[in-house]
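Just dropping this structure here.
Note that the chains are named A, B, C and D in the order they appear, and that numbering of residues resets to 1 at the start of each chain.
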Amino acid sequence: MFDFIQNHILTLIIFIPVIGGLIILFLPERHNLIRWSSLIITLIPFTLSIMLYAGFDRSVSGFSYPGGLQFVERYSWIQAFNIELFLGVDGLSMPMALLCTMLCPLCVLASWGIDKGIKGYFFLFLLLETGMIGVFCALDFFLFFISWEVMLLPMYFLIGVWGGPDREYAAIKFYIYTLIGSLMMLLVIIYMYLSATPHTFDMTRLAQLGAGMEFKTLCWIVLFIGFAIKVPVFPFHTWLPDAHVEAPTAISVILAGVLLKMGTYGMLRVNYMMFPDVTFKMSMFIAVLGMINIIYGAFCAMAQKDLKRLVAYSSISHMGYVLLGMASLTEEGLNGAVLQMFNHGVVAAMLFLLVGVIYDRAHHRRIDGFGGIASVAPNYAVISFLAFFAALGLPGLNSFISEALVLLGAFQKYRIITAVSATGVIITAAYCLWTIQRIFLGKLNEKYAVFPDINAREFISLLPLGILVIVLGIYPHPILALMKPTVRFINNLITGSGI
Amino acid sequence: MEIITLQSFLIVSLILFLTGLYTIVSRKNIIGIYMGIELILNSSALNFASFSRFAGRGLEGQVFSIFIIVLAAAEAAVALALLLAVFKRQRGIDADKLNILKG
Amino acid sequence: MNIEIKEIVFISIVLLTIAPCSVVAFSRNILYSAFALFFTFIGTSGLYFFLDADFLAIVQLAVYIGGVLVLLLFAILLTKNIDDIKKTNTISLRRSITAGITVLVLFFSLFFVFLSTGWTPLNGGAAYPNGTIHELGRLILSKYLLPFEIASLLLLAVLIGSLVLAGKTVRQRED
Amino acid sequence: MGNLESIRYFAPEGFLSVFIITFLIAGLLRRKTFSKSSFSCIAGTAGLFLTLILELCINTGYPDAIVIFSGMLKLDALSHLFKILCISSSILLFLFSYSSRETSDSLKEPMEYALLILSCTLGMMLLVSSSNLLMMYLSLEFLSLTAYMLTGFTDKNEKASEAAMKYLLYGGAASGIMAYGLSLLYGITGSLDYSGIHRFIAENNSGIILYISMIFIFTGLGFKIAAFPFHAWCPDVYEGALTPFTAFLSVGPKAAGFAVIIRFFYQIFTVRGEGDVLTVLGSADWPAMLAIISALTMTFGNLAALRQKNIKRLLAYSSIAHAGYMLMAAASLTILGIVSVFFYLSVYFLMNFGAFLVVIAVSNEFNSDEIEDYEGLAWKNSKGAFLASMFAVFLFSLIGTPPFAGFIGKFYLLLSILQPENPIYWLAVVAVINIIISLYYYARILKTMFLSRRQKGTALSGFERGQYLQYSLMAGLALFSIIFGIYWSPLNNISMLLENFIH
């Protein structure tokens, strides 16, 4: 039994959610039963991913099999096209998979209040989880694409059916943006498949594709745009605030915590590992985009009146650090970028959960509509302070380390860009503190004289994240150690190809 | 100059064909349009027959002509039946008045 | 001398075929159009005689004039009061202009293509049989037997379908 | 092969012909029995099933093509597969008609209805295997004439006769133009057999006239698949005809039309060279023509679908767009292109029939085909939720989202168009843009059903006993849409039979 689990651990992690979802569809329509069973179903992959974490060999690196990839499972799927169920993790995907499986049970907790179409909701949610983990673990490009697209459908419904007042617009906007990106990706994937001899979707083999530079650059740009829509990088970001604001709390958490990372993950996995030489040439371009994201996102966040919109724009800003770190092509920068992906996943999830808590009570999210909440809901305020301080990068909390690493790495290559980006830290501090001041401090808004403090369920959903924020802030080694060899490998690949 | 050549037959049938085309496009009356279709079919049959006559293309073309004529008759029968049904409903046979269904 | 008469007859038959076409296309009276069509069909039949396609000429007379045209006349008379006829065979001006331009362009391009194409003799320019009926019968009962049989099935289907479609109208009138 | 020896291979069609005549005679003798629409539908289904079984038994696994009736018909993988597709769609037409209240209410002459459907099927079967211009023209007309009559068959729907008339006028014009083109082709090559024409074109240079004749011929073929600009009949006919027949029309005859297009262009105007590379034979660059028409067709279909309010019209325009997608693969001039057309058609068979079945079920309830009546369908009761989620599966499949079969179909099409021998990049980009446009109107239906919280007043009845056939058909089609989206090797293996279609 244990051996079986050990040998098929990734398959299990990926497919247990969707199978569980199907089971839920056939359960009797009792709300608590469905909630509890979803929670249990999401806890299974989480447990398994802890096993994955424990068994992960931190010393190997490389993008090949046999070689740097671990827990590899490889089954033939469609023979005619050489499509395989080819799964495996390395230092890049391991933290992401961990983040994803960890956030899902918390999101189930955050969705406790859903009562309309509850079966459908949890089925779609679990389908979404399968898709997300699938993207991070897939080593077959076709599987990668399928998983990428499979998330569209549940997202569309989750935002569209269970979202806020403007949900129809937000849902279709999200769908169209992502579909544009993914169809462009599809064309490139097919092209790469056809240029490989023999035709293959195996990502490790496609990484060795020898092709003309012009063609590679074109592929790189198209793929980059496809991923950039998901991140979202500046000109393609407009779907994000709408989707975030309209989505139910748990879905915002997933969006910010996992989906955005899929964009940068895709860039690292595909653009960086498969086209290192093009990446080397394009790094400046990525750095500029990162800088724009940081500054633009921060300024937009500052101007927001809606708390959720503010957090959404802060995500754009924080993802800018990831881009900047990636562009630096130094080990510090890349480590910082990957760590920032994980950290932002934790912090953004926390922030959205907190927004959800306040929205459940006040039924609005206008920042100006509150005041002095700290005095009536002290526990809530403390956790919120923690989250906002983490977001602004207070030393001792997790984001500080990753942002510092990013800036440190990037400064070695792009002095001006990094200097400009660093001002983003100040703007971020400004809007975070200002938000804290407006909501939690100051004169108590009489309307909220009776403001129920955070309850046990909400507390449990926030607690693990809070602990991570503090622990990783002091001791980032558990995550850093996972990615270091792989990051070094990527960096050598790219800098090596550039010479 | 020889007049009774393949080319002269082709041009006669081309004229028939194009008149038919013109009739189909410009007419509003269903029967008028249908006459255009008949002209086109007639010109195709003529074409087949002329090709079959000249330059050793065999009699297969004439077989095709016969089939075109037969099919034209069958189509005419269906057209008449449908025409009666349409007429019954709207008391007129302008194709433009088939306007419950807009394009 | 003989040849000249043949050519004159040919030209007049061509005119008999083509000239009524303009009536079909432009007349405002649908009955005139129908009668013009009658002449076109007769003219085509004459052209078949010139093509030595005797059987085809007879089929043309029998089926087209005896069948199709009669059906058309039926259609006209069943669906129109005679008074209306003069006004109703109208032409859409906008569409006729586009149609006219297309047709003219097509005419000139196809005209030159037809003249310039060689139409190479095939089968070593094999001689045309004297009297086609025998040969046609052989073809239809050997190589083209299947289409022949299928055509009969098609006619059966059309017969039944038309009966239902037309019968529906009749029945509704009775109701 | 001569006529007598051919009969053996002609068993499915022969059986169907005999069945039609027997059916007619039995129907005339026992009018009472046959005037029950259930009896006629079941009898017709049985006949088609037998035909299907005969087809499966007799015509499987030809290593080489067989030409029967002195070149009239060619039996090969193409004809075999497309015949199966066509017969299956006719069977579904019968089952749909049987389970649709609209149809069973308005059919006064079910025997004749069944008879025409059977004839229509015969027409399709002959059409997909015909390899002679005369046979092709005849069976095309056979199919068209029966389709005109079936369109106008109902008394209940006011629009039916008008639609049928319009169909006939457009169809007649298209087939006339096609006949003219055929006559030119005959004039150039002196032969009606595909093989003869192929031989002539391989040996002679025929000049521009060949291209002209090809364009005229494509008018008739394009009309059958509703390609732009020969599509104008399509929305009207789809809206006017009985919904089961509409569903059939969007799959069966379209499949037959594609089979003819493939056979016509690939068998006559293509040669297979070294390394399975196909090249155009003759002076006419038909792949370019098909590619342009394909781009126009899909763009036009999608743009026009955007502003439709009636679900049948919307599906009509969407079917135009899908024809455009498939034409893209036909234009690709690769063997995979042929395979892809069949693959896409079989997937399209599942999802489009499924979508129409939902439309039938909903119009049984509300007596309406307007999209606004679908408002809040998912939240009305369990049946509403069932219908809406089934519809969602089919619509997502039509959009081309994984994990549904529609995506795999689009994947094949894009794969064939990007094949290194003859890639048409611009067309791939046009297709992708079109898929995004199409998302918009499909999602509008989804939005109406799921996202809208306002519910239209009309209540929905619960599951009904008499409709279980309908529900299970729906669930089956949906299930296959998902299965083939996840594991499509079986369908791939079947489609790959077409690999050796051109020698």
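Note that in this section a contact is a pair of C-beta atoms (placed from the backbone, for glycine too) under 8 Å apart; a residue touches a chain by one contact, two chains touch by 3 or more.
This is a predicted model, so every value here is computed, not measured.
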Interface ranked first by C-beta contact pairs: B-C
Inter-centroid spacing, chain D versus chain B (mean Cα positions, whole Å): 27
Computed distance of Cα centres, chain C from chain A, in Å: 71
Separation of mean Cα positions, chain B and chain A [Å, integer]: 66
Chain B and chain C: spacing of chain centres that average the CA atoms, whole Å: 6
Sites on chain C at which at least two other chains make contact: 110, 114, 119-120, 122-123, 143-144, 147, 151, 154, 158, 161-163, 165, 168, 172
Junction residues of chain D, two or more chains touched: 134, 138, 141, 145, 149, 152, 161, 164, 187, 190
Where chain B touches two or more other chains at once, by residue number: 10, 21, 34, 36, 45, 55-58, 60, 63, 67, 71, 74, 78-79, 81-83, 85, 88
Pairwise chain contacts under the document criterion: A-D, B-C, B-D, C-D
Partner chain B, residues of chain C touching it in the complex: 6-7, 10-11, 14, 17-18, 21-22, 24-25, 30, 33-34, 37, 40-41, 44, 47-48, 50-53, 55-56, 59-60, 63-64, 67-68, 71-72, 74-76, 78-80, 88-92, 95-96, 98-100, 102-103, 106-107, 110-111, 114-115, 119-129, 132, 135-136, 139-140, 143-144, 147, 151, 154-155, 158-159, 161-163, 165-166, 168-169, 172-173
Residue numbers on chain A that touch chain D, as the complex places them: 77-81, 117, 145-146, 149-150, 152-153, 156-157, 160-161, 167-168, 171-172, 175-176, 179-180, 183-184, 186-187, 190-191, 193-195
Of chain D, residues touching chain B in the complex: 133-134, 137-138, 141, 145, 148-149, 152, 158-159, 161-166, 168-169, 172-173, 176-177, 179-180, 182-184, 186-187, 190-192, 232, 235-236, 239-240
For the chain C and chain D complex, residues of the former touching the latter: 110, 113-114, 117, 119-120, 122-123, 142-147, 149-151, 153-154, 156-158, 160-165, 168, 172
Chain A partner contacts - residues on chain D that touch it in the complex: 378-379, 396, 401-403, 407, 411, 414-415, 418-420, 428-429, 432, 435-436, 439-440, 443, 446-447, 450-452, 487-489, 492-493, 496
